[in-house]
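Letters A, B and C name the chains as they come in the text, with residue numbers starting at 1 for each one.
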Amino acid sequence: MSITTRLAWRNLWRHGRRTWLTVGAMIFCNTLLIFLISFQFGVYSLMIDSALSVVTGHLQVQHSEYNDDPRLRYSVPYGIALAERLRSETKIEAMAARGTAFALASSEKRSFGIQVMGVQPTFEPLVSTLPGLVKKGRYLNNNSSDEIVIGSVLARNLKVGVGDEITLLGSGRDGSFAAGVATVVGIISSGMNNLDRSIAQVPLDYFQAVFSMGEQISSIVVNVDTLSAVAERKSELTATINEPDLVVLDWDELQPGLQQAIQADLFSAFVMYAVLIVLVSFSVLNTQLMSVLERTREFGVMMALGMRPGSLARLVFLETATMSLLGLAFGCILGAAVATYFQVNGVYIPGMEAAMEQYNLPGELYPQVSIISVMLGPLIVFTGCMVAAIYPAVRLYGLQPVAAMRAV
Amino acid sequence: MADKHSPSAGILATLAWRNLWRNYRRTLIMLTAIVVGVWAMILFSAMMRGMLDEMVQAGLRVLPGEVQVHHPDYQDDPSVVNSMSAPKGKLLQVLNTPPVTAWTTRLKVPGMISSERDNRGVLLLGVDPAGEIALGFDPGDIVQGRFLESADDKGIVIGRKLAERLETRLGKRVVIMSQNPYNDVADRGVRIVGIYRARLQATEELFVYTSRALLQKMLEVEDEISEVAITADNYEHVDAWWRDIDAAAGPDLDTQPWTVLDAYLGSMYEIQGTMNVIIMVIIFIALSFGLVNTLVMAVFERVREIGLMMALGMRPQWIMYQVLLESLMLLSLGLVIGNALATATVLPLESGIDISVVGDGLEMYGMGATLYPTLALEDMLMSTLIVLVLGLLASLIPAWRASRYNPVEALTKT
Amino acid sequence: MSALSCNKLTKTFTQGSQTIKGLDDVSIAIAEGSFVCLSGPSGSGKTTLLNAMGGLDTPDSGEILVGDMRVDQMNKSDLADMRLHNIGFVFQSYNLIPVLTAQENIEFVMQIQGIPADQRSAKSREILAEVGLADHEGRRPAQLSGGQQQRVAVARAIVSNPTLVLADEPTANLDSVTATQLMDLFAELNQSRGITFVIATHDARVMEYCRRLIKMEDGKIISDQEQPGRGANV
């Protein structure tokens, strides 16, 4: 250890209590930041996951007009064959073709306007969690039978059960009158009212027949392994398809609200973090300024002995850095421990059930601890603290040895 | 203090105040930290309040009426079957007495609307136009044409987005369809007489206004309604009166305030206060380390002086009061400046901040694209209370330590 | 009746691994109106004895009586009250509260006694004049010379009419002219007001003023004799 390092270390412990209080502020702030940032990451990925895994998927192949104006006529020709080709050429398994149309669904007792989705029973489970949520009856298992699965709230509203018939009325792709009668084979219950009120799925071939779609479909839904692989897969798919009328859209384009909801939340959280960091920096500024002022005489002697102001400033920075490193180390350990604990055990926020449902979230939330979530906050705090040391250090350059030695 | 040996508060105040400015740099730094903290507390709560207010307003704007009365089965099965007759008797009497400022009845059923080009599932609202306006529908939101003019108006008013989706426009005819109580699909061609805009796109796509009489006639339900919507012009105080309506409506009808009708809004509203307090406390804790540190340093520098005062006969608890008073002065000063600064920051923003960059995301939260921060006395008082109470609690440690010095040791400290 | 009496006082300190006897079986009685010096080398126990008498420090064992009050049995608050009303202190240095002016330093004691403002102001001015600092009431300690600071300290010590003034090395930081002036002031106050003075010192100039000289060493009284004090008549 060099003499300056040793000096810095000992100086810190001349006022142990003060040093610990300052380090304590950093530890508090770091722990809080680590927990909150990990928590946010966890919630965001859960939000994205649960929002996308239900219906949307990570990527969709659509007609270029369809996303802005979802009409039957903006469709993908020979969609099922295209999906086959894409599956074999890109080696992406999770890919399913869909048709979507609007229809009036009537049971014997009730009628509701709903969105009907034509799906491929074989592939749909690869891109959506809904097939796994059938609580009564079964999911679709045949590509062309006149069967339908619906959400539990819709079933209640229509007053139908498994085995009952539902009449679908709407207009076909060519504007003709579309009508079909399908038997309810399964009821899906996701626990989320909005979803359970709107789900209605029929086999794709049957859908194409009812809505005069021919070989057309509305979209191909694609799921990839991780969110980070989305961009790469998107360009791969675009290149493979190579059709001017078709586009590959990623989840951000499909559900722009999601990303922006996260950004809005992230922004407001970061303003709060900034305030915390500023407050901790003030604490450091105060401590270091006091420590410099009370040592004016000592610094005078050191300068008289031939030490340059630059070396004294370095000493002050070294002290601050040491203190901040303590805060960083303890804060990271404590913060990571707290966040990991909750990552394992989950966080339950009472009174938030309705709010959670609004964002498609389950009752328990799990922070996601990563190097970034652990280091991001503490490193900014560290930087803030070092910035705070500038003023006390700069003051040293104005020090006159004789005057300083006389100071009390 | 009644004790005849008590010092006048004056001397403690003088000492505390002068001591505060002995090390003015330290005091100013700490003061700045407190000001920033208090400013942030009030700013955040003003933003939160603005956000929440926006959410509730948008939510209530969707279908005005902080309290609504329905057929008990209507919420679960919003069919025309589950309708009721217009209020009468005791309920009518309560509806016409304060605090109720306005009420109206609606026939509200799910249905379909078809243009030449497309069709959509919507919610058909058979309303009394005057009643809707009294309840909060803003005719200024009609961007084309007019709002309905009478309870038997033959026209229809739809949202801007729905018009786009249906590729239709003002003056065109559309067909509305819904189910009547006899399980037949009833339909009727109507002309679009107005197009409205709403804060949320989802609203524009969902709600279709017709006159109540028109819808009743189409569905063959004379005088039947789905809901009574009631307002007292203050959504925050709904708890004070909705039970009176409930009592008057009787057990055969379902009466609910907006906090129950929209569970999401209700719970956001519920937790808002707690969230505010949590944020304030967190900010305070970040602040408290510096505060305690400042006081510890201040006491440490004055050990000899404290010993001297003790030798002169100052009781230990007065030493404690003196340190606490010093802390109180610092905190109060910070609070005054912080509050003033926060007021100066928020007031110009109260006319609204445009945050449409994340508009789609906010729609997910149920908010429009403009944030109106709201300065509330309640929040300012809460932050003041938190800073003072917790601040004095944190100061107790250094203050108590100061009072525990042994005068001889303190006097000889160098 | 004695103004102050101590009976079999002992107190030990530990310094590092050593145990030091600060007071070793000290018994002493001081008559009202007397002018006493405690002398001895540093570490002899004179400051410890003085602090014990004033209730600043508690002995390990033994009795202390100020008037008829058992100082050794009091709690912290009672001790504070006793010091406030019965005893005046003058220390070697750091006698004044830096943020208060000369007059405020004097009023400080009266304020904690709860004396109304109008009386305080008049009395503090009067007493400042008595110690020869009539025009210095608005100055803060840093703006006063060492001698002037000690005079303010004396003024403060006597302002509440204590029966006893305890002074610990009051002249240690003063030049000889100022020291003599301070001792003259003590002697004069002793005579005019009948206040009992106990002064711990190793300054020969101070000892000349005393009428009773108690010498201490290693926590014990080694001699205790009457002498004709300079500048003071009985």
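The working rule: a contact is a pair of C-beta atoms (placed from the backbone, for glycine too) under 8 Å apart; a residue touches a chain by one contact, two chains touch by 3 or more.
Model, not experiment: these values are computed from the prediction.
Counting contacting C-beta pairs between every two chains, the top pair is A-B.
Among the remaining chains, the Cα-based centre furthest from that of chain A is the centre of C. A simple rule picks the central chain: find each chain's mean C-alpha point, then take the one closest to the mean of all protein C-alpha atoms, which gives B.
Taking each chain's centre as the average of its CA atoms, chain B and chain C sit 66 Å apart. Note: centroid distance chain A to chain C, computed from Cα atoms, is 74 Å.
As a whole-number value, the distance joining the C-alpha centres of chain A and chain B reads 26 Å. Residues 23, 25-26, 29-30, 32-33, 36-37, 40, 44, 47, 76-79, 110-112, 118-122, 165, 177-179, 183, 185, 263-264, 266-268, 270-271, 274, 279, 282-283, 285-287, 289-290, 292-294, 296-297, 300, 355, 357-366 of chain B touch chain A in their complex. Residues 4-8, 10-11, 14-15, 18-19, 22, 304-305, 308-318, 406-408, 411 of chain B are the ones touching chain C in the complex. Per the touch definition, chain C reaches chain B in the complex via residues 51, 54, 56-57, 76-77, 80-85, 87, 89, 91, 94-100, 104, 107-109, 111-114, 117, 156.
On chain A, the positions that touch chain B within their shared complex are 15, 17-18, 21-22, 24-25, 28-29, 32, 69, 71, 102, 104, 106, 108-115, 156-157, 159, 170-171, 256-264, 267-268, 271-272, 275-276, 278-280, 282-283, 285-287, 289-290, 293, 351-355, 357-359.
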